[in-house]
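Each of the next two complexes has chain A plus one more chain, namely chain B in the first and chain C in the second.
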Partner chain A sequence: MESLIGLLLAPPLLGAAVLLLGGRRLDRVGHWIGTALAATSFAVAVVLFADLLGRDAGDRTLTQHLYSWIPVGGFQADIAFRLDQLSMTFVLLITSVGTLIHLYSVGYMEHDERRRRFFGYLNLFLAAMLLLVLADNYLLLYVGWEGVGLASFLLIGFWQHKPSAATAAKKAFVVNRVGDIGLAIAILVMFTTFGTFAFGEVLPAAAEGGATETTMTLIGLMLLLAACGKSAQVPLQSWLGDAMEGPTPVSALIHAATMVTAGVYLIVRSGAIFEAAPDAQTAVIVVGAVTLIFGAIVGCAKDDIKKALAGSTMSQIGYMMLAAGLGPIGFVFAIMHLVTHGFFKAGLFLGAGSVMHGMNDEVDMRRYGGLRRYMPVTFVTFGLGYLAIIGFPYLSGFFSKDEIIYAAFGRGGAQGWILGGVTLLGAGLTAYYMTRIMILTFFGEKRWQPDAAGNEPHPHESPRTMTIPMIVLAVGSVFAGFLFNLNHAFVDWLSPVTGIAEGDSPVSHLTVSIAATTVMLIGVAIAWLQYGRRPVPDHAPTGRWVTRAARRDLLQDDFNHAAFVLPGNYLTRGLVYVDHKLVDGVVNGTAAAFGGLSGRLRRVQNGYARSYAVSMFGGAALLIAVTLLMRAV
Partner chain B sequence: MSPENYLHLAALLFTIGACGVLVRRNAIVVFMCVELMLNAGNLALVAFSRMHGNLDGQIMAFFVMVVAAAEVVVGLAIIVMLYRSRHSASVDDASLMKL
Partner chain C sequence: MSFPLLTATVVLPAIGAVATAAVPAARREAAKWLALLFSLGTLALATAVLLNFQPGGDRYQLTESHAWIPAFGVRYELGVDGIGVAMIALTAVIVPFLIGAGWNDADPREGETPADRRWRPTQGFFALILMVQAMVIMSFAATDIFLFYIFFEAMLIPMYFLIGGFGDRAGEHGEERQSKQRTYAAVKFLLYNLAGGLVMLAAVVGLYAVTAGQLEGGGTFSLQAITEARATGELTFAQNTERLLFLGFFLAFAIKAPLWPLHTWLPNAMGESTAPVAVLITAVVDKVGTFAMLRFCLGLFPEASVWATPVVLALALVSIIYGALLALGQRDMKRLIAYASISHFGFIVLGIFAMTGQGQSGATLYMVNHGIATAALMLVAGFLISRRGSRLIADYGGVQKTAPVLAGTFLVGGLATLSLPGTGPFVSEFLVLVGTYSRYPVAGIIACAGIVLAALYVLILYQRTMTGPTRPDLERMPDLRPRELAVVGPLIALVLFLGVFPKPLTDIVDPAVEHTLSDVGVEDPAPEVEARP
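Let's turn to the complex of A and B:
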């Protein structure tokens, strides 16, 4: 069975190579090749999953050592895979959602003449993401980490003829680079401290206190920085909204369901390190809590359906980060929310893509309205995803989110109350902004208008390749949480890897559920009062300062501009000034001085033999005079 | 007569020669002045030889004479060639060696 692990990675890698190198002759079948290879990967994943289920809980870690990548003295970097319950969960999520989104893209990208290349990139992403979660050491994880960053860059900028897409891709790449430096530093410190990168050696050593708490805190904070970059958490969140410039399937797969959750994977995988560094753990919680509210506020104000969903993604990943920061109380639930979120958020994005597909790529929700009559399948699947994300009782979001809220209370003491309050507030905001999206898009009067060229959109249901993935994901959104909670199946499955702890919650499970549901209903009610009861203006009202700030992503770009871009500009301008005036001044001055001096000296060379004779006599006289003088002294 | 007087004479002759080299334009005269300087040197060498009571200075003077003879041969040839090509024996007319 071990040898099958490599086979998980091989199909998408092969697909990427074939599709990207194959050239135009593959244009007609390229998309089906890509989809089939993703499905192959999923089939292998299912086989491996069945095999793991057949084993004892303690015996569910498979490893495969492919070859020694860089064996130099004490430095040992291996290409080796580790498949345990945690990576298996990710592999199943990545390959299943990935396959569905490949299928969806067949329809969505139908009119794009570069569809083959698109599928090549998607396959490249799948391969890199699988490498990331299957790696058995941090260095190989880093390879996958960079790979998904590259795929994300290529796919955000897929429509590179649009300057906005090209800029967004660059922005995502640059912001991610900041996080990647964190990961690189963490790995370097890890190697100098423990002399190895392997999970199997670093994590036990960290758990046994193999390093000082300062070192562990440093590693933890650097890992957190990496996670912030990849998962769009405050303060490195600014790229996610712009990343929506990419094709919608990309937003669904990479910027909602899988890649952006890599940060959560990293934190949960490195759980032992964070357990040994309480300060870093607190930082994770703070980042999660801040992003949770930040993303939700942004999501409330955006009129662009994809950007509103992107705000929601940030917010939901904030939940996961918060749970991951809680330690063993929250690890399992962070991953559970990650999986359920993968389903419903991918479904929501695919729904948004389907709406855009039928509306001539209009993204402004104020130009939608009343679409439920025109797109029944999209409406129902989007609606189920909506109910799942707001935590409607007995849908998947309800289980995973309530567990996180309960775990937040389980932190204990004042912190527990604060975190519990924040997560509950987040639940209310989630209900508000999702209801807003729902009402603006599918209810009310139709508000669309002819575009600049005079083409009126004719909303229609999308082709079957697009609706089938939406239906499957909607089914997943409805039942996943329930299945996971059946006999604590998910907790029992994952806890041998991540550990589990009972928090010290001052409130009971039931109270949390009731509170969360109440807050959710309040959020829905407010949104309905604002958008459902009265007609929606087709131009956004100016709004109060907080709305305006939220529309500008809570001034994240203005902040980055003021905090980094301007000082950077001033610094370079200063350096250029110093370079011009001081460095160039010294160099040019020296040259000019020597030039002038030699100009003078040149006049001595006048060609007259007698003048040379004078200098000879003069020189000789000088020498003699000096000699005599020295002797006299 | 004190040998120092010979040294004074030698210095005087040398100075006259040097001044001649510096101020005269005719190559032949300049050449003669160079000879004068060389022979002033010879006179000084012989005088020193006398003062110290050995023959080192006189031997040195012979060397100088030999070198001077050789120099005369080469130098006069150059002057003759110069005169043939430029129709002038002035050292200032031959001022091509400059930047």
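Let's turn to the complex of A and C:
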């Protein structure tokens, strides 16, 4: 069975190579090749999953060592994979949602002449993401980590002719690289501390407590920095909204369901390190809590349906981060929410894509309205995803989110109350912004108008290749949480890897459920009062300063521009001047001091090469002469 | 006596240079093929060197030793350790691609008179490239310091003519201005390097004087003899003498490398010369500088090397950050790549002077990977420039629409330049960082900033030239031609291969690095906590 692990990665890797190098002759079948290879990977994942289920709970870790990658003295990096319950969970999520979104893209990208290349990039993404979760050591994880960043860059900028897409792609990569420094430094510290960066060696050593707490805190904070970049958490969140420039299937797969959750994976995987570094854990919690609210506020203000959903993604990942920061009380539920979120958020994005597909790529929700009559399948599947995300009782979000809220209270003391309050507030905001999206898109009167060229959109239901994945994801959004909670199946499955602990929650499960449901209903009601009861203006009202700031993503770009971009520009321009005038000037000046070379340099116009050749040979002769002299002395 | 393989590897391209130069001007196509043939022959010989080298064997292998100028103890002594083998392999691999890439760079231009052609004959271009190759390989193989010095200096002559004689097709500024700038660049290159060489000459002579005074057999230039004599205590340096000699050598190598603040000749030289020559400078010739730091500075003057380490590390860090920031500020894409190289040379020097196994192995790998990755990026940039006749980034936009393969290879070259995992440069850069951090944590962390800056300058370059709406004047730009693809394709394949499976290279380099470190007398820091089960 171990040897099958590599086979998970092979199909998408092969697909990427074939589709990107294959040239135009593959244009007609490329999308099906890509989809079939993704499905193959999913099939292998199912086989491995069945195998793991057949084993004892304590014996569900498979490893495969392929070859020695970078052997330099004490530095030994291997290409080796580890499949345990945690990575298996991710593999199933990635390959299943991945396959569905490949299928969806067949229809969505039908009219794009570069569809083959799109599928090549999607396959590349799958391969990199699988590498990320299957790697047996941090350095190999780093390869997958930057690999998904590359795929994300290529896919965000897929429509490169649009300057906004190209800029967004670059921004995503660069901001992610800031986070990647964190991962790099974490590995450097691990290596100098433990002499290794393999999970199987670092994590037990961290648990034993051989290293100082300062070291562990440093590693933890650096891992957190990496997680912030990849998972769009404050302060490295600014790229996610712009990433919506990519085609919608990309937003669904990469920027909602899988890649952006890699940060949560990293923190849960490194649980032993964070357990040894309480300060780093607190930092994780703070980042999660801040992003949870930040993303939700942004989600409330956006009129662009994808950007509103992107705000929501940030906020939901904030939940996961917060849970992951709580330690073993929260690890399992962070991952559970990650999986259920993967289903319903992917479904919501595909629904948004379906709407855009029928609306001439319009993204402004103020130009939608009443679409439930034109797109019944999209409406129902989107609606189920909506109910799941706001935590409607017994749908998947209900289970996973309530567990996080409960775990947050379980932190104990004042912190517990604050975190519990924040997570409850987040639940209310979620209900508000999602209801807003729902009403603006599917209810009320039609608000679309002819575009500049006079083409009025004719909303219509999307083709079968697109609706089938939406239906499957909607079913998952409805039932996943319930199934996971049946006999504590998910907890029992994952806890051997992540550990589990009971907090001392001041409130009961029931109280949390009631409170969360109440808050949710309040959120829904406010949104309905605002958007459902009265007509929606087709231009956004100016709003108060909070609304205006939220529309500008709470001024994140203004801040980054003022704090980094502008000073950076001045610095580079200044240095160009300094390099030319000062550094070069000093050298030229020095040369002048040594015999007017600089003057000659300037006077030389062309063709005096021979004289220099002569002077060089003169130099060589001098050399011999000096040596002779030395010999004589 | 066994076959003198190293001598053959040096002599073959030299013969090639003479033969190519002898081809009559009318038959310039024949000259190109001849040059390509000789470069491929050199590659075959270099492969033989690689295969005959035993990674676990003696430190210096394939040695040859003959008396040359007995009066001064100058010998014709050749030999390679793993580092030398890697560098010879790099040189031999790169040059055929440069010849392929520069195939039409030296052809006669419209309206050129025979008098204009005097300084840029087609066959001369290829002959000079082969001549540089021969001299560079000799520098990598020479274990006699005097022999090394001669070729270290002599390679300036063909380089001078390559930079000054052959430039890009004239841009909108006109040929006269272009030619002036070219000459300025060539003379600057020459004077800079000559100045360094003269200081080194003094140090070489000084070293000879010290050995002549202490060794029974008289003065020597032999690296091995001096290292051995130092190890046995037969030869000792006064502290100040060693430091002065070290500085003499180091200055020459730091100019060649180039290290901040001695770097200003490089952007001029790389900007004004044709793309293949720019690659020849940064990927091959400059590597002699960093290679010589490893072989001569550390090997001959271990104590002074340790003494100078803090300052050298600081200069290396400045180079990394400064080079990257300057790359960000460039409007000319060839100068941008030149400044990026300065940043990368900072990493190489950092790795060498971190004095750890990972650092020096990483630095050696870095030299190889940087050579190949920069070649890929610069040559594609050259193909682009040859289509539009401008080096200015602002003159391009939306190229990927009309020339997707060109844009794709440019991106891969760029990604390798920013050390994306999966490409060779990642392996070497990470090793340098690990090697640096384990001894100098702060320096390691500062160097990490280079990771972000590299992403910025590469992706901004890509965005401005390749994405966005296609400029009207570029709408009919042809994509890569078969010849160009044949040049770039293998380079990219090599970059990826070395990223995924660098073990063949590390196996060769590792023992050599261990020898170097034992010369210096340092050991890798041990991990704080023993984690291995």
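Basically, the second predicted complex is superposed on the first by the 569 of 633 C-alpha atoms of A that agree within 3 Å, B and C clash if a C-alpha of one lies under 4 Å from a C-alpha of the other, contacts with A are read in each partner's own complex, and residues count from 1 in each chain.
Quick note on the criterion: contacts are C-beta pairs under 8 Å (C-beta built on N, C-alpha and C of every residue); 3 or more make two chains touch, one makes a residue touch a chain.
What you see is a predicted model, and the numbers here were worked out from it, not measured in a lab.
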| item | value |
| --- | --- |
| Partner contacting more residues of chain A (chain B vs chain C) | C |
| Which superposed partner A:157 touches (first chain B, second chain C, both, neither) | second |
| Touched partner set for A:571, first chain B, second chain C, both or neither | second |
| Chain A positions touched by chain B in one structure and by chain C in the second | 605-609, 613 |
| For the chain B and chain A complex, residues of the former touching the latter | 18, 21-23, 25, 30, 91-92, 94-99 |
| Contact set on chain C toward chain A in their complex | 71-72, 119, 150, 153, 156-157, 160-161, 164-165, 179-180, 183-184, 186-188, 190-192, 194-195, 197-198, 201, 205, 208-209, 212, 219, 260-264, 322, 325-326, 328-330, 357-358, 361-362, 398, 400-401, 415, 420-422, 426-427, 430-431, 433-434, 437-438, 441, 444-445, 448-449, 451-452, 455-456, 459-460, 462-463, 466-470, 500-503, 506-507, 510, 514, 524-533 |
| For the chain A and chain B complex, residues of the former touching the latter | 602, 605-610, 613-614, 617 |
| For the chain A and chain C complex, residues of the former touching the latter | 67-75, 139, 142-143, 145-147, 150, 153, 157, 160-163, 165-167, 169-170, 173-174, 177-178, 180-181, 184-185, 187-189, 191-196, 201-202, 204-205, 210-211, 215, 568, 571-573, 575-576, 579, 583-584, 586-587, 591, 594, 597, 601, 604-609, 612-613, 616, 619-620, 623, 626-628, 630-631 |
